[in-house]
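One chain, chain A, links the two complexes that follow: it is found with chain B in the first and with chain C in the second.
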Partner chain A sequence: MADPKTMPAYLVRLQADASGLTIDGQDVRDHMVGTLYRRAEQIADACSHAAAGAASGATAPAPAPAASSRLRRKSWDSRLDDLLTAPLWGLLAMLGVLGVLFWLTLVGANYPSRLLGRLLFGLGDALSALFRAAHAPDWLHGLLVLGMYRSLAWVVAVMLPPMAIFFPLFTLLEDFGYLPRVAFNLDSLFRRAGAHGKQSLTMSMGFGCNAAGVIACRVIDSPRERLIAIVTNTFVPCNGRFPTLIALASIFFGGMGVAGATRGAIAATAVVLALVLAGIAVTLLVSRLLAGTVLRGIPSVFVLELPPYRLPQPGRILVRSIFDRTLFVLTRAAMIAAPAGALVWIMANVSISNTAGIPGGAVGGDTILSVVASLLAPLGRFLGMDGYVLTGFLLGLPANEIVLPITLMGYTSAGTLTEVEGLASLRGVLVANGWTSLTALCVMLFSLLHFPCGTTLLTIYRETGSRKWTALAALLPTAVAVTVCALVAGGARLIVAAFP
Partner chain B sequence: MLDASTIASPGMPPVKPLQASRLALSGRPVVALAGNPNTGKSTVFNALTGLRQHTGNWPGKTVARHDGLCVSAGRELVLVDLPGTYSLLANSAEEVIARDFICFARPDATIVVVDATCLRRNLNLVLQVAEITPRVVVCLNLIDEARRKGIEIDAPALARDLGVPVVPAVARDGLGLDQLVATVLAVVDGQVVPQPVLPRYAHDVETRAARIAAALEPMLDGRLNRRWVALRLIEGDPTIIQSIAEQRIDG
Partner chain C sequence: MSQPSSAPAASHQDRPQVRTTLDRVPLGLLARVTDLSLEGLLRRRLLDLGFVLGAHVRPVRRSPLGDPTAYEVMGAVVALRRTEAAGIGVSYRDS
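Moving on, here comes the complex of A and B:
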């Protein structure tokens, strides 16, 4: 009887014998669930009492504790929910909250990032002096200081300030209980896109980290809807990409370091907000597309609990956002940026014609980097960017955080600019390499929509167990990014041509 | 509620319910941590294990299972944080994971964290856990929030009505957690033997359950709760047979 092969069959037989029971005309399962809930309510009501001295009607008769507590819940948090989850006001409030979040980050990150940039690049100069004093060979100095150290410095200077402001604020919202409200507001949109309402939750988690968002897709039970959620998770900018978006928006649309800073900050905020909304819109569109083609089906229903608003704990938020998020992302970026920086330096200083010897400094022309960049240049220009940026995106596959720093490394080590003095000169470097607002916009769009980072792809593979779906999760967003950037760049060129 | 037919996810790797935990293989007592989503379950877990598991005001935060070591008064317990669920009726992947762990891994005790501000909904899970195992300890969390809402819970009365120990707590501030661990240890050691007061179903259901339970006895040889398995068969739970078969084959 205990044979594992015959046991399931035996159980199935027992179940078949047992099935079909009805209790007072009710399905037996309904009867059992009903009995459980009734018993739970009975015990709960017998053991709950209105607390002495509590708000209204402390002398009210005993049997109504549940009802009275529900009445009192209609107080501030219930009214706040009425506002935050109302069809129109909820969406407007969401825009407002996100806008304030980005604005604070943009304004707040400006000064410390300049300071940090000056400090770190000053330290880099000191290191260079040290290497020269020790008569270190040029290639060693180039590899370690100009390659590894400088890309590390870029990563820290570009990313740390926005992260140190954005993450605590984001964690604050999370602790307060706002994110499930966002999910609630977006639920109907996702349902209409043929996806699972819970995808609004996993998407919100993607704002933190796409790999985490992909893992969170486990809360979606239907495989069809789970795949939709997994494949589209990368369309919301994660922690690794926010700093890039924020830096570029403040440089090219906020007039960083220019007079009229307030207006500039608002403009930059509007750009970041618009990008996030575009990401959400693309998420919905692609979900709709998938739900209409390869992943056809009917959306399943679910229950989303709105947790109570809770007073956030400042200490815990700081610890968690600084250690769990800021330092985690920064460490990951730094670990990848250092070798990537060295790689870029080597690529920028080894010429194809003479690969055997590492020269003390390339004379330009045909270094590996310039060859790769010029190979990618036509495609880059077609997408409103250039070859170096595309190289940055490719080398940034392990972590999106390093795309901008790697691109900068490419520019600076290719010799267009010998001295970089800090973040304030970031704009200078980019403009000197032919960047315009259109370039910045295309880079931001590509960053928003392109293939997920290596970690996320690995996670997708683990979660789906399928190479096919992992490949789709990489190719589909890339196709979207290429299409959107080509349209934007082409459209802008047409407009310029039509109205010179 | 979800449609139960969406559960058996073909083509997707199942979220493994019983991955062998290195901590659990050490012979230390295993304590499961169950509860509705967003009741402070992860906060209790972190406080007891000293881990900084990410907690958030966010239902569904804990999707997978987490294990941690709880050291108290020279004793070591392996604490297993189960995904937050409203029930164990196998409506979703989380519910199957939580149910299978309590049922098949047979932890030495199960803590059910309940939210004192919505006791009615939370107790339902306590009753379902108690149907599987008598070794249940209720952690009555968020009593501060309940008090602010004007709700006072009579913990001794609750313990009497449920037939299992109830420990009031404010996990966020660490209040009541020492008492919780002490109670759990007492249950693990058999000094306290909870005798849950289980809901009785209609006469037809109970007699049929008794008959099936008797038929199951030689097969389950005391490894699973017979009445509970019989009840699942009667209600036509589509996942239980699969779960039993998998557990048996895995050893």
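Moving on, here comes the complex of A and C:
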């Protein structure tokens, strides 16, 4: 307090008055909130009585019809909640919902993907013809059509259909009010991992986009638990990685998505579901690790509202999922895919020994891409993959969507990217380059667990304001991915050696 | 908002009154908040959600894994972990 001599008279008077009061800040707040609630209740009561009186024409306070209809709706709500949060059924229902979501995406995306691929690559051929007719130099045609256009077409064909199915379905669940129930069901696991129950909400958001998931971590008040949620968000496969996972699972575990192969689709769904569960398990383990080491502290408070279920509004869902999510993610991917495609084309067509002029078609051998890939080959093989895939992951840092296209471009370098319009031809390219189910498994695991994409890293930096945490968010998942892939590949080699 | 003040209170008048903390109230029984032994942000959050002195609270369901419990308070459903619920003193009539 200031010296009374220098204070204006009214402040001295106020201070004297205030010292006579014995309440502290907490009491004032309690009193204010309590009064607010009592007053609100009085108003609500008065209203419902007035409504009842008006409806029945009587003056005696009758049970309010508003209340009884609320009770009816609540029983519908709570019966659904009884099922969705029941000890066993609640957890099974969660798996079931997730499984159906993946299955619909996987099955539904296959045909439109092929159609879109055929269309876009056909357009690419037309573009090539146009370039030839205009006598454009080979390098220009290669850079623009074979590099930029084709990776763009690949990303659109592979990503648009699954996103256009997954995002509306996911938004439907969100709109319905299911996500808080998931947090309610799983909180105990997160509490035991030293993390916050709302981390399951930020993880759900991560299914759409990890950058969005990282921003969603703002709902967690405690800085410690928020950091845990931010660093581990990448273990949830985002929509940029889902197409890769779904394509590889269909090809190598689901009988390559032949039309009508229901059993194959179910097997592929099971593989994707298992990967997602593995991601959740890793999230909990790494959260536990962080909470036990660098982010030690007492668990913070957990207050979660379970709002009533709402009938979803189809129009709003479509607008939100198509415009806010699908097109947003697709635009971002496309903006990165085009320049990355150009870069990869250059890398695949400029040979180290002949850097003077850009050749129209360096024939395999020592192009920049093949040199980089062969440098990374030993590490790639150690991780159950190969040098080209690892190059794809590194060059795919700006966006996970382009990892597979880059890898393919590496395989089919010298500008002759095969027209990969369906899963069958994709399988052909991969198998021709020595892929087995083990390779696919390791690539999927690496994709699931590796460093977050550039956008997510930037978001993490913006959200934490710390280079240290951003670096940890990149290095820790990479270390996990390297360890897991090395173990899987090494284990498989051991088994093969033991049982030849 | 007005559900606490309706019928059941009168018929249970003769039952023994139990004073305990919210985490120990059996599912489905109506309890009344008697004191809050929580401080700071959590206290404010709970007050804002309606856990004010005298408010009626009913535990409605438990998570499949046992810990957070959902409570009906002021017409909303709010889930609290056991540690938080233990900071809310309540009284209820045993049935």
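Following the convention adopted for this analysis, the second predicted complex is superposed on the first by the 415 of 500 C-alpha atoms of A that agree within 3 Å, B and C clash if a C-alpha of one lies under 4 Å from a C-alpha of the other, contacts with A are read in each partner's own complex, and residues count from 1 in each chain.
Just so it is clear, contacts are C-beta pairs under 8 Å (C-beta built on N, C-alpha and C of every residue); 3 or more make two chains touch, one makes a residue touch a chain.
Given the structure is predicted, the values throughout are model-derived calculations rather than measurements.
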Partner chain in contact with A:Leu201 - chain B first, chain C second, else both or neither: first
Chain B versus chain C as contact partner of A:Glu401, first or second or both or neither: neither
Most chain A residues touched (candidates chain B, chain C): B
Chain B versus chain C as contact partner of A:Arg29, first or second or both or neither: both
Which superposed partner A:Asp82 touches (first chain B, second chain C, both, neither): second
Touching partner for A:Ser188 - first (chain B), second (chain C), both, neither: second
First, second, both or neither for A:Leu91, with chain B first and chain C second: second
First (chain B), second (chain C), both or neither touched by A:Asp386: neither
Intersection of the chain A residues that touch chain B with those that touch chain C: 29, 33, 37, 40-41, 44-45, 48, 221, 301-305, 307-308
Partner chain A, residues of chain C touching it in the complex: 1-3, 5-6, 36, 39, 41-50, 52-55, 60-61, 63-68, 70, 74-81, 83-84
Chain C-facing residues of chain A, complex: 26, 29-30, 33-34, 37, 40-41, 44-45, 48, 63-64, 67, 70, 78, 81-82, 85-88, 90-91, 184-189, 191, 197, 221, 299, 301-308
Residues of chain B touching chain A in the complex: 1-3, 6-7, 9-13, 15, 37-38, 52, 54, 56-60, 63-64, 86, 89, 92-94, 117, 119-124, 126-128, 145-147, 149-155, 157-158, 161-162, 172, 199-202, 204-205, 208, 212, 215-216, 218-219, 221, 230-231, 233-236, 240-242, 244-245, 248-249
Footprint of chain B on chain A - complex, ascending: 1-2, 4, 7-8, 10-12, 14-15, 17-19, 21, 23-24, 28-29, 31-33, 35-41, 43-52, 54-55, 58, 65-66, 68-69, 72-73, 174-177, 179-180, 198, 201, 215-216, 218-219, 221-223, 226, 300-305, 307-308, 310, 313, 320, 323-324, 463-466
